[in-house]
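Working notes, structure below.
Letters A, B, C, D and E name the chains as they come in the text, with residue numbers starting at 1 for each one.
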Amino acid sequence: MLINCVAYEDGQKISDIPIEDISEHINQRGRFVWVALRDATNEELNQMSLEFGLHELAVEDARHGHQRPKIEEYGDSLFVVLHLIEKSKEKTNALHVGEVNVFVGHNYILSVRNRCEDGFLGVRQRCESEPHLLKMGSGFVMYALMDAVVDRYFPIIDAFEVELEEIERQIFEGGSVRDNTKRLYELKSRVMVVKRAVAPLAEAAGKLQGGRVPKMFSGVQEYFRDVVDHLHRIDSSIESMKDTIGTAINVNFAMVAIQEAEVSKRLTAWAAIFAASTAFTGIWGMNFEFMPELNWPYGYPLALGIIIVTCGYLYFRFRRAGWI
Amino acid sequence: MLINCVAYEDGQKISDIPIEDISEHINQRGRFVWVALRDATNEELNQMSLEFGLHELAVEDARHGHQRPKIEEYGDSLFVVLHLIEKSKEKTNALHVGEVNVFVGHNYILSVRNRCEDGFLGVRQRCESEPHLLKMGSGFVMYALMDAVVDRYFPIIDAFEVELEEIERQIFEGGSVRDNTKRLYELKSRVMVVKRAVAPLAEAAGKLQGGRVPKMFSGVQEYFRDVVDHLHRIDSSIESMKDTIGTAINVNFAMVAIQEAEVSKRLTAWAAIFAASTAFTGIWGMNFEFMPELNWPYGYPLALGIIIVTCGYLYFRFRRAGWI
Amino acid sequence: MLINCVAYEDGQKISDIPIEDISEHINQRGRFVWVALRDATNEELNQMSLEFGLHELAVEDARHGHQRPKIEEYGDSLFVVLHLIEKSKEKTNALHVGEVNVFVGHNYILSVRNRCEDGFLGVRQRCESEPHLLKMGSGFVMYALMDAVVDRYFPIIDAFEVELEEIERQIFEGGSVRDNTKRLYELKSRVMVVKRAVAPLAEAAGKLQGGRVPKMFSGVQEYFRDVVDHLHRIDSSIESMKDTIGTAINVNFAMVAIQEAEVSKRLTAWAAIFAASTAFTGIWGMNFEFMPELNWPYGYPLALGIIIVTCGYLYFRFRRAGWI
Amino acid sequence: MLINCVAYEDGQKISDIPIEDISEHINQRGRFVWVALRDATNEELNQMSLEFGLHELAVEDARHGHQRPKIEEYGDSLFVVLHLIEKSKEKTNALHVGEVNVFVGHNYILSVRNRCEDGFLGVRQRCESEPHLLKMGSGFVMYALMDAVVDRYFPIIDAFEVELEEIERQIFEGGSVRDNTKRLYELKSRVMVVKRAVAPLAEAAGKLQGGRVPKMFSGVQEYFRDVVDHLHRIDSSIESMKDTIGTAINVNFAMVAIQEAEVSKRLTAWAAIFAASTAFTGIWGMNFEFMPELNWPYGYPLALGIIIVTCGYLYFRFRRAGWI
Amino acid sequence: MLINCVAYEDGQKISDIPIEDISEHINQRGRFVWVALRDATNEELNQMSLEFGLHELAVEDARHGHQRPKIEEYGDSLFVVLHLIEKSKEKTNALHVGEVNVFVGHNYILSVRNRCEDGFLGVRQRCESEPHLLKMGSGFVMYALMDAVVDRYFPIIDAFEVELEEIERQIFEGGSVRDNTKRLYELKSRVMVVKRAVAPLAEAAGKLQGGRVPKMFSGVQEYFRDVVDHLHRIDSSIESMKDTIGTAINVNFAMVAIQEAEVSKRLTAWAAIFAASTAFTGIWGMNFEFMPELNWPYGYPLALGIIIVTCGYLYFRFRRAGWI
């Protein structure tokens, strides 16, 4: 589905143009065309491929989707795959991964957004409101799109951190270890989803900074470095979070064992107290004929007393030892 | 066993040719020969070695099999070993690893398929139906074979992911921990089989992209990059799956401990309830002569009442604590 | 908030200058201006940006804060982000992370300290008291600031080491495993905070040592190497501490299991002793008519004797086995 | 002990020569001398050092032994240390590590075999039977020796794999966890022995492939690549085996916990059944005067019936829950 | 404290010289001065700094101590920090880390030994007894010192290996798991101490081998490679030991669980035996009026018989199952 298709010159929007006129505009020096598609059909992709002269393999990748994030050079144009991560609308605590495919040449930029809700109209507006930046051409638009995608990772990561802190509190304040385990496991899965979006992109984008850069990026080097820096920041947050989750799983597991040990101690203590009582009543329950204490008038209260004192003594000893 | 042996010129099939004529064809400019063998005998390999002038060490590797995936340059020709992974026909959940050895020169390509069921006839058909690509020569055929092999890894990986999700559900929904452990362990073994097929190949194929590439690949660079990208995608899926399996084994293990702890608590609770009952009956079972309550008309129901109330009280307390 | 703004020439302080005069001073050869801000407002940053001609992206980073430590070149000037770690005043065992943003050009240095208590007045004093060093210009001041920040990491790390040793003692001397687990987990979190401050800085600062160094650092190369060396020292302490904490968590966990096993043994032993006693009293508590021993005059003491001897025997056996 | 000392020219053996004549032969163009020593004495090493002009440090290393595998250049000659791993003759499941030190120059090759049983006579025979290869000189002999050493690692690794599979079967079929743990631990130790032989050699030999290779290896580059490839194959088997052993240790450990949990459940179940029985008999064992059911003619069988029914009910419930 | 200060020329000792004459000697071509200090005071360091023209930062590092091992170039001189590890004299199983700071120029070498017992007199003697090596100058002396330091690591590592084997035996032969855990933990700490001494040095010394080497080392390249090789050998021993200790901690931990499981089984078995006995005596202890067996003359021995047979049967069943 076509969202919009606009020609720009010297940082200024000329006009919305029909798709058929694209090739005319891009042949004019100093002008570039920015097309945005959403869940593009085969026909739309083929049409674009003809208008812009896209490489067969890149179009194939855009068609099939489910690529890992990457930046590929085809001659003097670039094919970029970005993952767009959104909180799932159906399930809480689930992530939805969409894809943005971007084709960039020195005189055009084509973005194809697949399987994701939020669009990039804001990006276009911001670009158009800063003509002195938009003047840098398609390279700057590429930066603006990438920056927008990467900026959307931050709240996801922040939410992870809040959740992890909440789980940590549960662990040490005695929440259900079963739930904690499950939540940590699921959190790790989601962290891995972001990791798979960020790590290959950071690596690929890093290469856009080196000496040999496609011409259209020569003026926006510092902007890309900024994006790469953001990606590294996210990546290092993720790494540290993975590490922490691993430790938290272990610690949570230790808590199971610690609780288990405490229950065991308590069991042992009460078992000992009752066993003592049972031993005494067993003795005085024997049927020997000559058991003088059975005939004492105060034998019974004495026996009860002995039992209570013994059990009481054990109770206080165990209490002092912290077992009960 | 010879499958087929065909000469091509300018992207068009000339004809099937007998093995003896190979050397004539490969000496004609612009022509190349594509031979496919299956479970080649020593004689066949020797014959091929003579016709194409293959390097002794490469032939030796093809003869012995069980090589790890690799791409080796011998002068201006290449020797490539690929692992072909198939689901075992005999055992469920087992993988069968076959091998494809490919010898490539600028005017010939020889593929030897060992110990695997599925052939590459489809690859030949697709190549022959796209003469504008086949025109690129043996380098493109090499790409087509490699792409076919790598494409067959994807359903394997997908099946792993489905299985892992199924095991995860079992873990958190209380399936047999023993079975889960075994399944995770076996899944990991199979993941490692694919890893051993993918990782060395990704490394070796990556070198085909760099500056100094054998002449026959100069036109198909971008195609190889596509394969390498697929390999990296698989490799990163595998890495993330290994990580997840490791965590799942730990989590499953934690579940054992959690269940154990719950059983312990329940044991402790019931033991306490019965111990209380036993303590009372023990007392009234003693044989002291003067135990006034024994002679009360309602002593017995009172005693039963006390026992039931006490046990009931304990039961509700344990229930509230979540132990029973 | 402006802390101070001073012009220097030839290693000597000329005078405090008003912000408006900055541009005059920095245009004079051999002179540089050192400005220190604290929790700078937007207006202050904009003003500085105008006076020094700072890059928009760098100013943006300084404005938003929460960057990871980095050193970025913008043309012939540098933008440096340092993390300043302080012990939290509110909570024991918590760390507070502030930020120092430094903009350096060959004729100016601007430091913006955000969210941290301790300032860098000492650095300025020490620099001014060593004119032969300060003569090297803004590069040396950059070094002096960085050195001051890094030096403040050492006591933090030392405190970690003391704490870790204390926890280790607790582990082996039988302190509460629950507390130990929690303390180890929290210590690890704090170690990670320092790690995140140190590791990216070490990497970035390492690049200032290589061949292609901004002009203003050409004379202070060896000083920067010294800082990098300190960073590496801290980093390797951190790595080794992370490793040790990991092992300590495991060992602490093992201690839980060991204690648990000891409690189990003790439980088993006492259960066996009481069970023996109960078995005997059970037998002599049966109501058979013909149980000759019940009528023996010394039957009862004999029975008591048998019970005591049996239990005593078991007690000593268990004692010898180390179970009790 | 001298094993043999032979001069070769043009791939053909000239004759066995006495040690004193070595220097004469090696000064003749196109000729090289191949000496094999076994557990060389100091005198032999000194003599060789004089004849071939070996470097003091290399001779020192050969004298002391217990070096890690390495390939060192001394001027235009090489000193190579290889580990030879043999199954111990005295102890089952133990490995014996011998050492082969090789000194190679363009006109000589000297191998010193220390502390190992199996010799390299087969290597010499195979070399002499292929004069077209032996013609390549000392570089090829070096390759032949290295290949022979590396080939002997394969059966060791295969035996490890068989053993690991056997242990895996034991783990899942309920063999002794104690034995499994010990066997896994010992297997890992042995794997590490091979790792220490293979990893440094793979690294060092990899350098013999690069651009700047000693002259004597210029013709045998592809042969060395073959050896390096074998080393990488072994190394990746080892890495994957280490990983698998680690997982197996964890899984085996989980099995302990699972068995433990099952025993606990069974204990709990039987304890509950007997406790129920004890509660009833306790009640009817009380000595209250007015317990009407005690005087019923069928009171006793009724009581027995109640007890049996209750216990039976519990038994079947636990059975259904899989606890018994 | 000055140990000695000697001038050498052409590999021969000229004479002991007073500190004041150093500058005279080092200005004579082909002569170099070798000074050894121990626990140098500030004054001594200042004096040396003046005589040799040492760099301020290097002197600062030597003064403060507690540096990590490193090799730093200052112009055409080097500053080297080595860790000297000694077994502690006060505590068994503790290590004492001293430091050797070495300043090397082409015409001088100054070693400052801090906080360590054993000196380097042997190094000087060995150097003086081999004038053909000492002739190489200060570079060779640097090598000799480094070699001496590194050689002292080997017995430490060997002692670790002996200790680890001893602990392994304890683990599998049933020694105290608590002690084993503690010993493994402490061993790991000590291994880390050596790691911190070796790893940075290996890295730094490796750089002395590359193409661009300070002039004074050009003749002793191969000697330094030997030291680096030793460092790598130690480092790989350490890595493998760390790995093994990690596994041993896990295995030891598994042993706890295995013992625990065995105790549990035994507990369960005995509990079942006694519970059976108690169930029978409970039944015959009930006070029903009509319990015919109570009046049988042989009821009591029959009852005892039933109890003994039942318990005996259970005992042998448990025995066969390996639970008792």
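Here are a few things to note about the model shown:
Rule of thumb we're sticking to: a contact is a pair of C-beta atoms (placed from the backbone, for glycine too) under 8 Å apart; a residue touches a chain by one contact, two chains touch by 3 or more.
Everything quoted here is computed from the prediction, not taken from an experiment.
Counting steps between touching chains, the shortest path from subunit C to subunit E takes 1.
Chains that touch both subunit A and subunit D: B. Rounded to a multiple of 5, the Cα-based rotation taking subunit B onto subunit D is 70 degrees.
Inter-chain spacing, taken between the CA centroids of subunit B and subunit C, is 40 Å. In terms of their C-alpha centroids, the spacing between subunit A and subunit C amounts to 25 Å. For subunit E, the set of residues touching two or more other chains reads 250, 253, 257, 260, 264, 267, 271, 278, 282, 285-287, 291. Read around the assembly ring beginning with subunit B and moving next to subunit D, the chains appear as B, D, E, C, A.
Those residues of subunit A that touch subunit C in the complex are listed here as 168, 172, 222-223, 225-226, 229, 232-233, 236, 240, 243-244, 247-248, 250-251, 253-255, 257-258, 260-261, 264-265, 267-268, 271-272, 275-276, 278-279, 282-283, 285-291.
Those residues of subunit B lying in contact with subunit D across their complex are 55, 57, 61, 67-68, 70, 72, 74, 177-178, 181-182, 184-185, 188-189, 192, 195-196, 199-200, 246, 249-250, 252-253, 256-257, 259-260, 263-264, 266-267, 270-271, 274, 277-278, 280-282, 284-287, 291, 293-300, 303-304, 307.
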